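Note that subunit A is present in both complexes that follow, paired respectively with subunit B and with subunit C.
So, the complex of A and B:
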């Protein structure tokens, strides 16, 4: 398989008055064409930061180091002007909270048409027609283009977000918690929509699905990376990770789902300002030994593509 | 212990209040001591409104809420104040519940002060005891709400709800804004405490997985009406109403091997259709009678 996006040694730090917030540390990740890669983790584990780093919309206070290769271009080295051509046209981001990401004072149709007008040079009328066509692609009647975001329900707003991203037919999608805060039935619809977008792309489209919901990850993703405190602790094909989770944190995360026994992990995630040395999961881990506290474990390969960052897995 | 009898609430809106919205219609249920009833439904189905009426925060248009056989809306102010110590509410979003300018200890001691139950050292001891039961320590007491994470805040709110030793708790989506791992922590504590203090609970949620873990009985709501009620296990193993079946079928389970019935079609329903069954537009078993009459709950 061909790789679409390669992230190499990516670190993101923020300066704050209390110290340096290490939001992401030395991330390495490859996304292949045609696949949905799930990035799983709790609030504050750095998964959203990674998504935002890919299309360079992090706040100014962020210090980003490393490389992000999209095709033969290093995104981190590109200028703002070149980046504007990529955003929306080649890489699209589906934001976490559609109610605050849509412009409340523009009709949904206008917001979709805006993207098409900018990237494809269509005139206003053509762009509007295109917008209506895209809306019906995401399962909504074209007349809904005349509505404002407040007239939409939560699930419909999320569809509108997806429609905006679909507008220029980009090949790489980043979906940041697309199903958060939605009802079960609507969650199912949005998951189905995202799945059909990628699966109808003839192996050309791929997606980075950022989520904390392991059931959505199970249903959609081909492979998954589990993040904890700014680090990826485990990566592998979804089926294998679910069948045989290796990292103690992954095990805990899977078992804390209500359908899988509701067994909580004790303790709290560490603050990103005072990250412990060595393994970040040390204080909550049941298998921890002395050396875990001294040294950050490197990735160990466990057959095929399954890798884990733990001395004792 | 607590009983809702034909509870209905209509909201009036628009010019001269001409439009009417039946948020809750003829909802009845009983909750025994130590029992958890889960109100399950999608957003906008009226489950929060029902919860607010049970807690006495919204006055129903018709129907009544009986607490130990007394109608809570007939209480005199003194009785109402006493009732408020017996029933506590846990709200959905922990960030907006606590006063952001008060340290946690002040927020926690306020209910004790208002009801004149304890002050000074006694109050502090009580708070300390509870804060440890929910898995936090005394250092959290001197912090402000913004210094704590969502999971820690929800623990504080749980502690505050238990301070007055209530016997009934209305929990409105207490874990919907939390991560799965934090949710597991909170739900486990909640279940432990419920057992320890023999609490009855009305648990409002849209999450079927959560409902299954926490509920003794489940009531399924849709567009303001109750469609099905029964033992939690019965509802999951043998759902009778077509809506409940659809809901269970749409559930995504955390197993990549399972067949996921993903369906990207959007069902369009109208809001203003008051005759007949509320679910008729989406129902596969629709017949002529569903258009004309609204079905009533039967055993």
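So, the complex of A and C:
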């Protein structure tokens, strides 16, 4: 399979009053065309930072090192102007919390149309026609283009958000917690919508699905990366990871799911300011030995594409 | 929309009536006799008891408080604001004669202040910590701590007395406008610039600005279309009250520059205890404030669709 996006040794640090926040540390990840890759982890593990780093909209205080290869271009080396030709046109970011991510003073139609106008050189009228067409594509009546975000329900707002991202038919989508805060039925609808966008892309479209919702990940993703404290600790085809989670954290995470009896992992994630030296999961791990505290385990291959960052998995 | 306006109008009328009632009541309670002060200023000597009595009778100053208020509201309903004790002219004429000068001063100063404050505020907000940001902040804070009358006097000393470029007082040509409007707009632009910067900074950190960036829109479009409009809402409130104060007559500045506006006339009338003028002017000024507040509220509804629809539903 051909890769769409290759992340190499990506680190993201933020300078804060309390010290350097290490939100992502030496991440390596490849997303293949046609697939949905799930990035799973608890809140504060750096998932959102990774998503925003790909499209380069992190705040100015962020220091990003490493490489992000999109085709033959290293995104991190591109200037703003070149980046603006990729954003929205080739790579789109579906934000979490559409209530605050949609501009309250602009009609939904305008928020879709302006992207089309920018990237496809259409005039206002054509762009609006396109906006209405896209709205119906995500299951909304075209007249809703003339409504403002506050007139939409939560689920409709998320659909509108998807419509904005879909406007220019990009090939790569980053969906950041797209189902968060929605009713379960609406969650399923949005998940179905995202799935159909990728599956109708004739193998051309792919998605990085950032979520902490394991059932959504299980239903949608082809492969999964488990993230813990700014590091990826396990990666593999979704079916294998679910059937046989290797990393103690992955096991804990999958077991904390209600369907598996809701067993929470004891302890808390480490602060991203004072990360421990060795394995970041050491203090919460039941399998930990002394050497875990000394050095970060390298990835070990466990058959096929399934890899894990643990000495004892 | 129509419903809000009707609600507002009813409240507005009540506010105006209350304002004029209060102003009348306080004046009545205040010490000093208009008869004495006006005759004194006209003749230059202490008036005799007989003169005072005749003056009071002629100018309806002998009527008791409550009757007077009834008469006042009766006149109001006919659009009559009474006659100045001092000049014998109808109050409405006195107001009309002077309002033009004040209105022009207010509008020009406000427009000038907005034209300076908005671009600088936005510029500072989009480059926080930059040289522009620091320079505008330091200058802005400096200006805000200068009293307006002092600035007026200093400008007068520099441009009128020393350089002899501009007239120091009076009204008529475009040159007469320069010093008063610059004086008024300086402080206001500093205030509005600070507000604009703060409001813009807040909006620029919101999620929908990140969203706009992720769509590949260029910076000017994000700043002006996505951020500016939303950042304007809190600033509009302040502009409204500032404009109200300007229209009510900037008493000090009009006095400094001998500007023939309503502010200066109102102060002169207060010194002379010219009851009808004070009462009439307070009523009109209250009315102007009410209208401005109404316009501010309507502008919210224009800027923020959430307000438009919420109130429309009530």
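As a convention for this text, the second predicted complex is superposed on the first by the 313 of 313 C-alpha atoms of A that agree within 3 Å, B and C clash if a C-alpha of one lies under 4 Å from a C-alpha of the other, contacts with A are read in each partner's own complex, and residues count from 1 in each chain.
Following the convention adopted for this analysis, contacts are C-beta pairs under 8 Å (C-beta built on N, C-alpha and C of every residue); 3 or more make two chains touch, one makes a residue touch a chain.
Worth saying up front: this structure is predicted, and the values here are computed from it rather than measured.
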item: Contacts of A:308 with subunit B and subunit C, given as first, second, both or neither; value: neither
item: Partner chain in contact with A:139 - subunit B first, subunit C second, else both or neither; value: first
item: Subunit B versus subunit C as contact partner of A:213, first or second or both or neither; value: first
item: Partner chain in contact with A:118 - subunit B first, subunit C second, else both or neither; value: second
item: Which of subunit B and subunit C A:93 touches, first, second, both or neither; value: second
item: Which of subunit B and subunit C A:193 touches, first, second, both or neither; value: first
item: Partner with the higher number of touched subunit A residues, subunit C or subunit B; value: B
item: Partner chain in contact with A:279 - subunit B first, subunit C second, else both or neither; value: neither
item: Subunit B versus subunit C as contact partner of A:150, first or second or both or neither; value: second
item: Overlap of the subunit B and subunit C footprints on subunit A, listed as residue numbers; value: none
item: Residues on subunit A engaged by subunit B in the complex (per definition of touch); value: 42-44, 139-141, 154-156, 159, 181, 183-193, 195-196, 212-219, 221, 238-239, 242-243, 252-254, 256-260, 262-265, 268-269
item: Subunit A contact footprint on subunit C (complex, rising order); value: 206-208, 210-219, 221, 225-226, 229-230, 303-306, 309
item: Contact set on subunit B toward subunit A in their complex; value: 42-43, 149-152, 176, 179-185, 187-188, 206-210, 212-213, 246-247, 250-258, 260-266, 268
item: Touching residues (chain side subunit A, partner subunit C) in the complex; value: 52, 55, 57, 80, 83-89, 92-93, 95, 97, 100-106, 114-115, 118-119, 148, 150-151, 164
